[in-house]
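Provided herewith is a single structure, encoded as structure tokens, for subsequent inquiry.
Chain lettering (A, B, C and D) follows the sequence in which the chains are written, and residue indices restart at 1 in each chain.
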């Protein structure tokens, strides 16, 4: 059994709705086991500089409905350097911290793998709107981001329909098309451009719009994941090939913030509590993950090679079938 | 392979967000297979009276974001009577309908099982905010309802905190505690009363509140599923046992309506398209279901005996652990 | 010019969205004039018991988007007793407080009038969702409450239409029908029952529904202000007289909370800053009010006799004309 | 008294939430007076090409909660040409239309003034999110747009705070700063850049941020109206002068769409009904306007010279005073 008496918790990388629920669950769960919790500010940066706060249940009582992360976050450049990782590890040892719970995305997990080598026990929780942690079917924040993007596109569509235009909407996701796929299907997009599936053939997009225009339709929606292609160029191309006025909207940072959805609060709570159980049970260097909609955990070293979260092929097929 | 040339689609029982996405997906998918679709109004009532509308993609183009069901719904008393089921079956045969897609909850499924005996091929889609279709881990509308309840309780909590009160909030769910569990955990409830777990011991609730009051807390939240206990009596009891002013809110019908969440639009789309695939592949009398977060299907006769959707024990444990 | 060096700020009566913006504006404005601010907890109760907190800009920096009131509130029974008002006045003098800014509704204003007799300079800000401060066309919180009620009824209506029912929705407002009038008109209600206009004649309501039913309509909406009539009795009557299934929804406390609308944040900011200007300019015992959509102020003694906020007759006429 | 037997209604220019309520009120009010209504598609374009639809109460029954405009809209280039205005006037006469109700912004009003010369009686309703109709203190859609921008910036701020960044947010408004002023004040912006007040001095902005940074703050918000300055250049400048990472968000078209707020539904209803009253009372070529929060009307020729809607000086002063 565990010897855990004190744990640190931090959030790292892009902020994601649900991180606060995970923090709260870590603090509440730890309290039930008599474990002390120290919050680390600004992710790995705060480990290096030892910027911390003691966290008790009273400090995190009613934070489930708050966007962002109360511990702040960063993408730490210094943590890529062994020297600073050693400094962080020293800080933890000096302060008698037995384990770290790190909540974040792909970069956070890579940082944890390196950090493990300094002899630190680290438990990871996948938190990122992008769903780019390959071992987990779900990452905290995705559901809220998908809803925010969907509601924003609903509004854009009102205006697009009123004017008889084509709207090209760029959503977040970095190398992953989940937000685009969900928000695009939810808003009946005419075309959804995903990094995982994009073949560079713009003609398919413009032809689909042209065909519908000839069928008598007069407003159109294209949802594109950031990084796949330039939204402005795409809009210009649509205009040029079809003659239809096309306007670009880049949803941007609204997708990161906002009150978390019920799911992100629930899964944040579940993952935070599960991470504490892992530590209490004496396990080391694990990542919490969702597989088949259930909580499991992997070794962080193996995690990068596990693929639970590729674009679902039936979903993708339907995104073509159901395009409006 | 299928001989399906014409299908009917209907919604039955309590309306649920996401039903429109399922209808739309049925119509779009059918169109790809060259299948004609007739919409039936008011569930099984419309089958009996043959109140129908021809549905083509243009009729359902942009309905994903609409609450309720464009086909209306009912709980048909007459359909419990074999005479009317025969009449419904005759109507379908007379109109050359090869199969019916029925979207609804537990009652809808039971109706389908009886209807099968009239020689009608029926494919069911679980759509109900209550998640009371035992064979499926998910039913359309739950996610939206859980979010609506969560957002409503967030608001109630603002007022509860400002006044230093206890709020007792009754949510929907009939015999199921999912909405209570999710919305209660998402809003950090002090106690969540679920039909599946309720032992009738009010002292646990009032003691928890009294204990926190003594610790210096001054506002409280109890979330209770409808039907478990009388919310007004519970509030009176809390007042009597703890001296703390307690007010009741019954969330009611707001939980049924509203623009569907991204998940309900997505899963509605997936389930609708999947139902058409089942029929096209020549299968008969199946129900679409979610298991391990994936689409599967069961025979409707077996479905009632399959349990994929009991209250998750880890979630329940946490609801106690994380109570605020 | 003013000799004001220190002011107290409190919120009293029912909490209302926008109160936090008013508190923030008081603190920020006071800081610009070099005035110290002390926050009083739980309204007049905190004055009696001297439960306070020093407030500087850093303490209220980003609270515009929070529902409820960070200073808590109460309806103080004790403050109706001269003995406790004297105690409150002593507390203020002992602590060198030169003036009080009190944010609240009708009861708060009456308390202020009594309190003035103890030699305390008090500036009032009308904050209540009910719009029952007669001297002001607007009171903080109304806009948010009207939006919350409107959005809730939109959802109820989705379900009402799907089932072909009549929905009877009770909204807040105490003796005032504003929320009912706005939310009812915004949701195309068939009948809106206002305390100011209600003649007790239920036949008008049931006849209107019957008439529309005969015209082929099949869903209906009645919005009723709390206190005018019993919503359940009304629903039963509608069922009895028209044969149409009628269901009651009581919106309740969700109307008090929630993130404030842009207007309530803006007007809260304006009123808070204006109250400080009044005090800095040497005025005593004034209430901030809105007339012709502009900021003005009255003597609190005269305020009760000034009527700027009766139900607008054109609005009322239209509520009949435009009923759906 | 009026001889009005048939009126046309159209929406023109940028779509704005609340336009549908105005259309509905026109149709309902006209019906009470026994006046026929014809809906014109795509604004003045539909007048020229006579693309129309007969509108009865049943056609607009429950549209208050829909964003955009059911009649579509456009900015008609052709209507700037007398030839096409004559063609439009001929169409109206040929179809026995006695008057036109035109809902739109500044450009719509200018079109109406020109159109009056063709002998057509036209009543205007100010509908534009920009509030750029100088004779009216309010224009339909502003309240919804201000709320949408406020909610979006709330979300951006969550992320900005989590990362310790400066966010530069560009909102709509064309030549008017109302959305920026309201959304900026509602979200406690550090600086709000308005076209009406902008002196080109970026140092004021960067100095304010630098000063707060030195005071220990670590996240910042700048709200800028489109067209005043380039948001990307401003962010670069902030980065350069203060060393703080600055990110741009352009809110874009989400500000035009969405379910209208209670106010836009209410004022849309009031303005639509008032416009019909004007016509019924025999008045010609009037524009409905809001002054002192009340409905009035002006001659459309005089309207351009009337200023009821400049940036309020007290509001502006406070936007500086209350900057966070």
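Definition applied: a residue touches a chain if its C-beta (ideal position, glycine included) is under 8 Å from a C-beta of that chain, and two chains touch if they have at least 3 such contacts.
For each chain, UniProt lists the protein as follows: A, B, C, D = ATP-dependent 6-phosphofructokinase.
Bear in mind the structure is a predicted one, so any value in this text is a computation, not a measurement.
S.K.: What chains touch chain A and also chain B?
M.R.: Output, common partners of chain A and chain B: nil, no chain qualifies.
S.K.: Can you tell me the least number of steps between chain B and chain D, where a step is a move to a chain it touches?
M.R.: Step count on the best path from chain B to chain D: 2.
S.K.: Using each chain's Cα centroid, which is most distant from the centroid of chain C?
M.R.: A
S.K.: With chain centres taken as the means of their Cα atoms, state the distance from chain B to chain C in Å.
M.R.: Taking the mean C-alpha position of each chain, the two centres sit 36 Å apart.
S.K.: List the centre-to-centre spacing of chain A and chain C in whole Å, with centres computed as mean CA coordinates.
M.R.: Result: the chain centres lie 39 Å from each other.
S.K.: Rounded to a whole Å, what is the gap between the Cα centroids of chain C and chain D?
M.R.: Centre separation, chain C to chain D: 28 Å.
S.K.: Could you list the positions in chain D whose residues touch two or more of the other chains?
M.R.: In chain D, 154, 157, 161 touch at least two other chains.
S.K.: How would one label the connectivity among the chains shown: line, ring, star, complete, or other?
M.R.: Drawn as a graph, the chains make one closed cycle, so a ring.
S.K.: In the complex of these two chains, what residues of chain B are touching chain A?
M.R.: Going through chain B, the ones touching chain A are 21, 24-25, 28-29, 32, 61-62, 64-65, 137, 143, 146-147, 149-151, 154, 157, 161, 182-183, 185-188, 259, 261-263, 265-266, 269-270, 273-274, 292-295, 314-315, 318, 321-322, 324.
S.K.: Under the stated contact criterion, what part of chain B meets chain C in this complex?
M.R.: 11, 14-15, 42, 66-69, 72-74, 148, 152, 154-164, 167, 247-258
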